[in-house]
Amino acid sequence: MTLLRVEKLSTRFGGLWANRDISFEVENGALLGLIGPNGAGKSTLFGSIAGALRPTSGRLFFDGRDVTGWAPHEATRAGVGRTFQLMRVFASMTVLENLTTAAYVRHRNSGVARRRAERVVEAIGLGPVADAPAAGLTAAWKKRLEMGRALATEPRLILLDEVLSGLTPTEANEAVEIVRRINADGVTIVMVEHVMEVIMPLCDRLVVLHYGQKIAEGEPADVMRDATVVEAYLGKAA
Amino acid sequence: MSQLTSDAATSEQQEPHHSVRRTSWPGWATTALVFGALIAYPFVMQDSAAHNIGILALTYAIAASGWNLLGGYTGQVSFGHALYFGTGAYVTALLVRAGWSPWLAIALSLPVAAALAVVTGYPVFRLRNHYYSIATIAVAEIAFLLVTNTSWLGRSNGLELPITEQSLANLQFSLQDKRPYYFVALALFALAAGGLALFLRGRSGSYVRAIRDDQFAAAAVGIPVHRYKLAAATVSGAVTALAGGFYVMYVLFIDPQSGLGLDLSVSFTLMAVLGGAGRFWGPLLGAWVLVIVQDVTRHEFSGTGRSIDLLIYGALITIVAVTEPGGILALVQRLVKRARRTEATP
Amino acid sequence: MTDLAQAVVNGILIGAVFALVAVGLTLIYGVMDIVNFAHGEMLMLGMYSSFFAWSLFGLDPLVSLPMTGLAIALTGALMYYGVIARVLGKSPLAQIIATFGVQVFLRGLAQFLWTPDTRTVTGPWADDLRIRVAGVVIGGPQLIMAIGAVVTTGAVALFMNRTRTGGAIRAAGEDPSAASLMGINPQRMYALAWVIAGAATGVAGGLLMNGYSSSPTAGVTFVLMAFVVVALGGFGSIAGAAVAGLLVGVAQGVVGLYAPSYTLAAALALYLLVVLVRPQGLLGTR
């Protein structure tokens, strides 16, 4: 069953097409990797899906419904969670309070929301820092908090934006485990990532962007052998 | 539905993580202490001048608390909050002059102020915060000019209220013993504080703080940012109008300078910032400090037209912003934490 | 018809000055993402500098322009090192309140030192000039102010876009860490931005004294115009400020012809309109 369908999505900034005619589908329960060289338009695509940007043309379907141009909070209510590449934690709150704030979208009552948040704390191992101010966390903890916060909104689809970059190998492994577990639990994941060694074994499908356009799609092994993909990453010299 | 967050996932596992649970907020102990002190004040200080200071301090504390909800907690800094104070004062004055009960008049001024808050904020709340701040300057300036040029609003001469029979119903008491005024002000402050506390605990409180911290992340976790900014603005405007309505019943006079002036807006901002923006008792503390300072400077530097007030206010605001943006309360908190730490280390 | 033409011409002339008044504000925002709420007071200080150069030393406002520019350039540097540099890493709330505090302080300072009285330069040289073109009268002061404003705005724009230092300032604004890797000191570039903004604002103040009076609240009066211009032109764009300044000037002039007491309301309406329809302004980047 298709959960997310992107149909000829295009976004233009000034004279530049950040996304051009991008189309693909994401099955319910899938773990899709979105890769491509820097500047390929991955964050712009995320922005369009999550409602932070309004695409110039094209359509977006979530759970069969046309949601093109929806607002971010509508997206979250419908079940799309996201993390931010430049971590945006609620600096005046503790980790738990960050999560509770996110849980409120499903539960009005503060006690219930808080309990949900506590469950997320355990689920992704934020226990050691649960009462720490979010502002003082290291980058690794902040990234985990971002994931937890998206999770606390009880999403059906999570957009992970480079949650592995800048982590030590140990931290990265832990993060990968968390991503696997979230996906195993039934949450569909689309992740932007640069770390190839991670993407290959983790994702069941890849979509490759280059200069704003989709140049390849398919299983990781096939995609990485694709000549256009290799060229995009290594340049025409190869 | 993700199993990770369902109850079933952890029912058989170990105890869910129990974090430090803040029992209630703003804290019964502090609340009791604060109101205990406020109730005791007019008995400890017997002279009428001290009572006057208390009445003004409480009145401005209400206004500054209203500012604080929008500015300190939601991050929407208003530079023209006197607009709502003036609305409360002028609407109350007009209705009382027409024969209405002061209480009804004050009550009616609240939704008027709330509507103004919505009108000011609606066009700009979708944007970055400084757009709102600029809009508040513009709207306040226009209101000032409007009132100064409108005859039935008294122009720059202002409006006077008739002296009526002393009673609670008329909100009129003796000027020799000002204590009834003080206790009415205190009751209104309690009312405002209660209303604000209700808004700030639970979901709406978390939501506005999230908006202040990062409105894009806030939207990403499902918060309808525009709607909550408007909600905060509405409550903020109404609370500040309450202060204005009481003020005009106490002073029996209102004019553009005392009700809508730029300096009044500045003082509300200063009171909240000095005491502690984004902290519940900050505005109350700031209001008392400022009213006392004003009283002192008035006696020291009176009558030359060269008021030093603004100079001091500006310096204070800047110093607070640069050294300890959380105001006096944050400073105290920092010192207490440091003291605790030096105690703990052997 | 000539009334309208006159209003439009006057509007264009004053619009050029609005543009210059806005340049400092939009420059700071473009480089540092900070709205200087004390901008109006810097303008006010520029006006007072010009006034005192005249009342104490007999210098015509045009002659004292370099001094006035320098005075407020120094003020800008002082503001940067004294206040802005210390709130750079802090919350947006702290930053807004910091410049707001300086605004109040400067206004209070002016009121304390120089009383609330308005100060006017009587008989500036610009008064002697008067041109008549196709039935439209162009007063000397208006013309001089406009010319001075255009020249200064152009100079700032040229500096920011065509010189190495200007490029360095813009680089520091866009990506401080990358800039420092290239050998640019971001803090020094920020301070320089404040100096330039101060100079432009000081010159604007000096020019304004050819036709306006100064008072402690002069900043409040003009800053709203500055905000409208910056919003319309686009926060951060000098070219945008130039175009927007002219538009706002003309709009003001025309409204002033038919409903003089509503010019301020018209400015607010324009601000809200821009903000609703095109928040990034005509040429804005953020």
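The first chain written gets the first letter, and so on, giving A, B and C; residue counts start at 1 in each chain.
Everything that follows uses one rule, which is that contacts are C-beta pairs under 8 Å (C-beta built on N, C-alpha and C of every residue); 3 or more make two chains touch, one makes a residue touch a chain.
These numbers were taken from a predicted model, which means no experiment stands behind them.
In terms of which chains touch, the assembly is arranged as an unbranched chain of neighbours. Using CA-based centroids throughout, the chain positioned farthest away from subunit C is A.
Subunit C has its Cα centroid 33 Å from the Cα centroid of subunit B.
Chain centres here are Cα means. That of subunit A falls 44 Å from that of subunit C. Mean C-alpha position of subunit A lies 41 Å from that of subunit B. Residue positions of subunit B touching 2 or more other chains, listed in rising order: 212, 278. Counting partner chains per residue, subunit A has residues 91 touching two or more of them. With touch defined as above, residues shared between interfaces to two or more other chains in subunit C number as follows: 91. Residues of subunit C that touch subunit B in their complex: 35, 37, 83, 86-87, 90-98, 100-109, 111-113, 115-116, 217, 220, 223-224, 227, 231, 261, 264-265, 267-268, 271-272, 275-276, 279.
Those residues of subunit B that touch subunit A in the shared complex are 1-7, 9-10, 13, 16-20, 201-203, 206-207, 209-210, 212-214, 216-225, 278. The part of subunit A that touches subunit B in the complex is made up of residues 50-52, 71-73, 76-77, 81-82, 84, 88-94, 96-97, 100-102, 104-105, 108, 110, 113, 115-116, 118-124, 127, 130-131, 149-155, 181-182, 185-187. Note for the complex: subunit B touches subunit C at residues 71-72, 75, 77, 79, 123-124, 126-127, 129-131, 133-135, 137-139, 141-142, 145, 149, 212, 262, 266, 269-270, 273, 277-278, 305-322, 325.
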